[in-house]
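I have a structure I would like to understand better, so I am pasting it below and will then ask my questions one at a time.
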Amino acid sequence: MRFKEKIYLSLTALATLIIIGLLSYIIFDILKNGIGVITWEFLSQPPREGMTKGGIFPAIYGTLVRTLLMLVFVVPIGVFTAIYLNEYGRGSNFSKWIRLAINNLASVPSIVFGLFGMGFFVLFLRLGAGLLSAALTIGILTLPIVVVSTEEALRAVPNSYREAGFALGATKWQVIRSIVLPQALPGILTGAILSVGRGMGEVAPLLFTGVAYYLPYLPSSIFDQFMDLGYHIYIMTTQSFNIELTRPIQYGTALVLLMLTLSFNIIAIFIRYRMRRKRS
Amino acid sequence: MNNKLKIKISVRNLNIYYGKFLAIKNITLDIPERSITAVIGPSGCGKSTFLRALNRMNELLPDVKTEGEVSIDGRNIYSPDVDLVKLRRNVGMVFQRPNPFPKSIFENVAFGLRIQGIRDRERIEETVELSLRRAALWDEVKDKLYKSALELSGGQQQRLCIARALAVQPQVILMDEPASALDPIATLRIEDLMRELKEEYTIVIVTHNMQQAARVSDFTAFFLTDEDRAGMLIEYGNTSDIFTMPKDPRTEGYITGRYG
Amino acid sequence: MEVREKLAYIIISLLASVAIISVILIFIFIARESLPIFFNPEIKKEANLRVFFFTRDWQPISLIPKYSFIPLIVGTVKVTIVAIVIAFPLSLGAALFTSEFIPGKFREIIKPVIELFSAIPSVVLGFFALMNIATWVQVLFHASSRLNAVTAGFALAFAVIPITYTICEDALNTVPRELREASIALGATKWQTAVKVVLPAASGGVFAGIMLGLARAMGETMIVLMVSGNAAQITLSFLDSVRTIPATIAAEMGEVAFGSAHYATLFFLGLLLFSITFVINYIASTLLERTQKRLRGER
């Protein structure tokens, strides 16, 4: 009996180890094979010679710009949605619907967002396939992340602050703006950073909303097509005419993307950790 | 009761429900101006509920229903045309646990002015200083006005909360067990402060501490729950009368029980 | 003042409704593009429910296009099964380990580390799978092609693990301490307590974790697009190449003629995917909410 339990217990430890081991191995593999490729030239130059040489600057640029653009939409919408849920609509039916929708958005397959982005932003709203359509599409995809994170932060603001505010004659909006929101700022920041980490790595929603295989110039307006790190990895590994030859470029691109998403996520974890410590 | 005093707050047939539960039942009493009125009674008898009815704070909770009338200076604060913001500026509140905002000492006191849209730096500074002086805190904090309020001791924080309430120039101050989280020395300071403040303000205080009620208040209201757990006013009068010759045996029981 | 408050309320409510509007719009716009399957007589001839579910071939670009969903469904089911079979025991084991058998201090480290898995973009997972897992699978199972359902499912498991793990761990962790203490006080061992008391109490959450992991596996695009081989075929072997629904949409939408039967069919596949995940998600979140309420209520 005792012995059997020890085995079971070790199995759960083993499961944990396997997961962490796999995770580390993935990072290690990409790092090991990609690090040698990363040079200033690789980061700052466009691809050359049919994308078999040169750098990935346009892809980095496209990824950053579309992600920044996404933030502009998703942060205000996400934060105010969370404010509604936590400050105005506690227990209301509208809140229940919002929650259902947020939950649902979090699990809609990303390719479906791609279809929607094409059907709605690109074709129906006539925004065309470009940075803006892609940013809006990814923005909807990451909306739940911002909402959940902000809501957690709002919930952690003690009610006594709100009461004190009201007792001094502050209106609801004044209490939210000058007491609740400043307190929730780290949580909002976490949400924004996490949404960046997630949004950067998404490729499927871009496929029909403006990502380009190769562009000789950088996008100059938000309606222009763009190159993207994740998409670059995909085409270089599956459609480039010499897949073996461009392995280093593939690894280098994967490493750049992985470092970006990992660091955003680690920063978010760190802020969240500090926030929770401060609270207790 | 002393008839010469002007009545500041007059409560008529006040019932308050949390959902279906009747928390206080048919309270009627008059609170005189520039005096301290203490509300005492066992836990759960509706003291806080009563106090929070005087600045309509109960409305922040979902599902609270209020019946009856509360008039301040002869105006029913529950009539539909009352501006809640004005009401709460007129009726300040100090809570059981000190709850300064996580801002600087200065910003805490200035908060009430800022939300009124006052931008005049000089005027704000003047009011902050005056309020801190009135709350007997100025000397202790004048050198660290821009430090976080959370660095103050519990007693200082509570006086800061009083200063914060004073800054919006209320006429009435409600205090819900303002000293229960403080040590005896800090408690005495708060009590001294209350005595000074009553020269200008009408103060209503909820307290569990019988000696405190006897020490600082001019009038005392004793609450008790009935068999349905609804809070009722048992006896109300001059503090000295209530403590020396209570009319109701239940009051006597409560007071002596606590003393004895 | 009054006006400002009202304005704030209106703006906040409007922004808050974006989520609801988005879900509705997603449904409407995907449904709209797939409607011709039911109403356009030309398209109906080529692509209709009978063709989708009662024929055998998916060959949308051949001379006589064939639009059977069956090979795509078979492919999706295969990779999903592999993914869940790998991901579920690992996730649950790790969740039990983190929530029951180690001190809280370590939990605070291990949990975020495992959750970091979700920070790896699926295209990077796909790339890793292409370079490594495909080889492992080939060596291990002597598969004829490197890219097959096992490779894809294995890689998909990486995407499923962080979801299933987090939800299971949270569910286990909400089980009140009193329940554990009661069990220990009755002489149960830690393992017995975990399996006979905690796990049953959190079973709703665990189940929700599997379901949401399942939804993720079914809907994941880039990984399968890169390592499943993308051959639409109906076979029993898991070592054959497969083509899944999301990968089909991703691969073919770019080249399809706007408004054609193929176009409508791809949108219909999207609608199918959306509806299935909607239902799964609805069930899972209801379950999750109920479990949490029950657990909190017992306190």
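The letters A, B and C name the chains in turn, as written, and every chain counts its residues from 1.
Convention: a contact is a pair of C-beta atoms (placed from the backbone, for glycine too) under 8 Å apart; a residue touches a chain by one contact, two chains touch by 3 or more.
A quick note: this is a predicted structure, and the numbers were derived from the prediction, not measured.
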item	value
Chain contact topology (line, ring, star, complete or other)	line
Centrality ranking, top chain (CA atoms only)	A
Inter-chain centre distance, chain A versus chain B - centres from mean C-alpha coordinates, in Å	49
Distance between the centres, which are taken as Cα means, of chain C and chain A, whole angstrom	18
Euclidean distance of C-alpha centroids - chain B vs chain C, Å	56
Multi-partner residues of chain A (each touching 2 or more other chains)	171
Multi-partner residues of chain C (at least 2 other chains)	1
Multi-partner residues of chain B (at least 2 other chains)	85
Touching residues on chain A, where the partner in the complex is chain C	5, 8-9, 11-16, 18-20, 22-23, 26-27, 29-30, 76-77, 80-81, 83-85, 88-89, 94, 97-98, 100-116, 118-120, 124, 140, 143-144, 147, 171-173, 176, 197, 200-204, 207-208, 230-231, 233-234, 237-238, 250, 254, 257-258, 261-262, 264-266, 269, 273
Chain A-facing residues of chain B, complex	55, 57, 60, 62, 85-89, 92-93, 95, 97, 99-102, 111-112, 114-116, 161, 164-165, 168
Touching residues (chain side chain C, partner chain A) in the complex	1, 4-5, 8-9, 11-13, 15-20, 22-23, 25-26, 29-30, 32-33, 89-94, 96-98, 101, 108, 110, 112-128, 130-132, 158, 161, 165, 189-192, 195, 212, 215-216, 218-222, 225-226, 246, 249-250, 253-254, 266-267, 270, 273-274, 277-278, 280-282, 285
Contacting residues of chain A [partner chain B, same complex]	90-91, 158, 160-171, 174, 178-179, 183
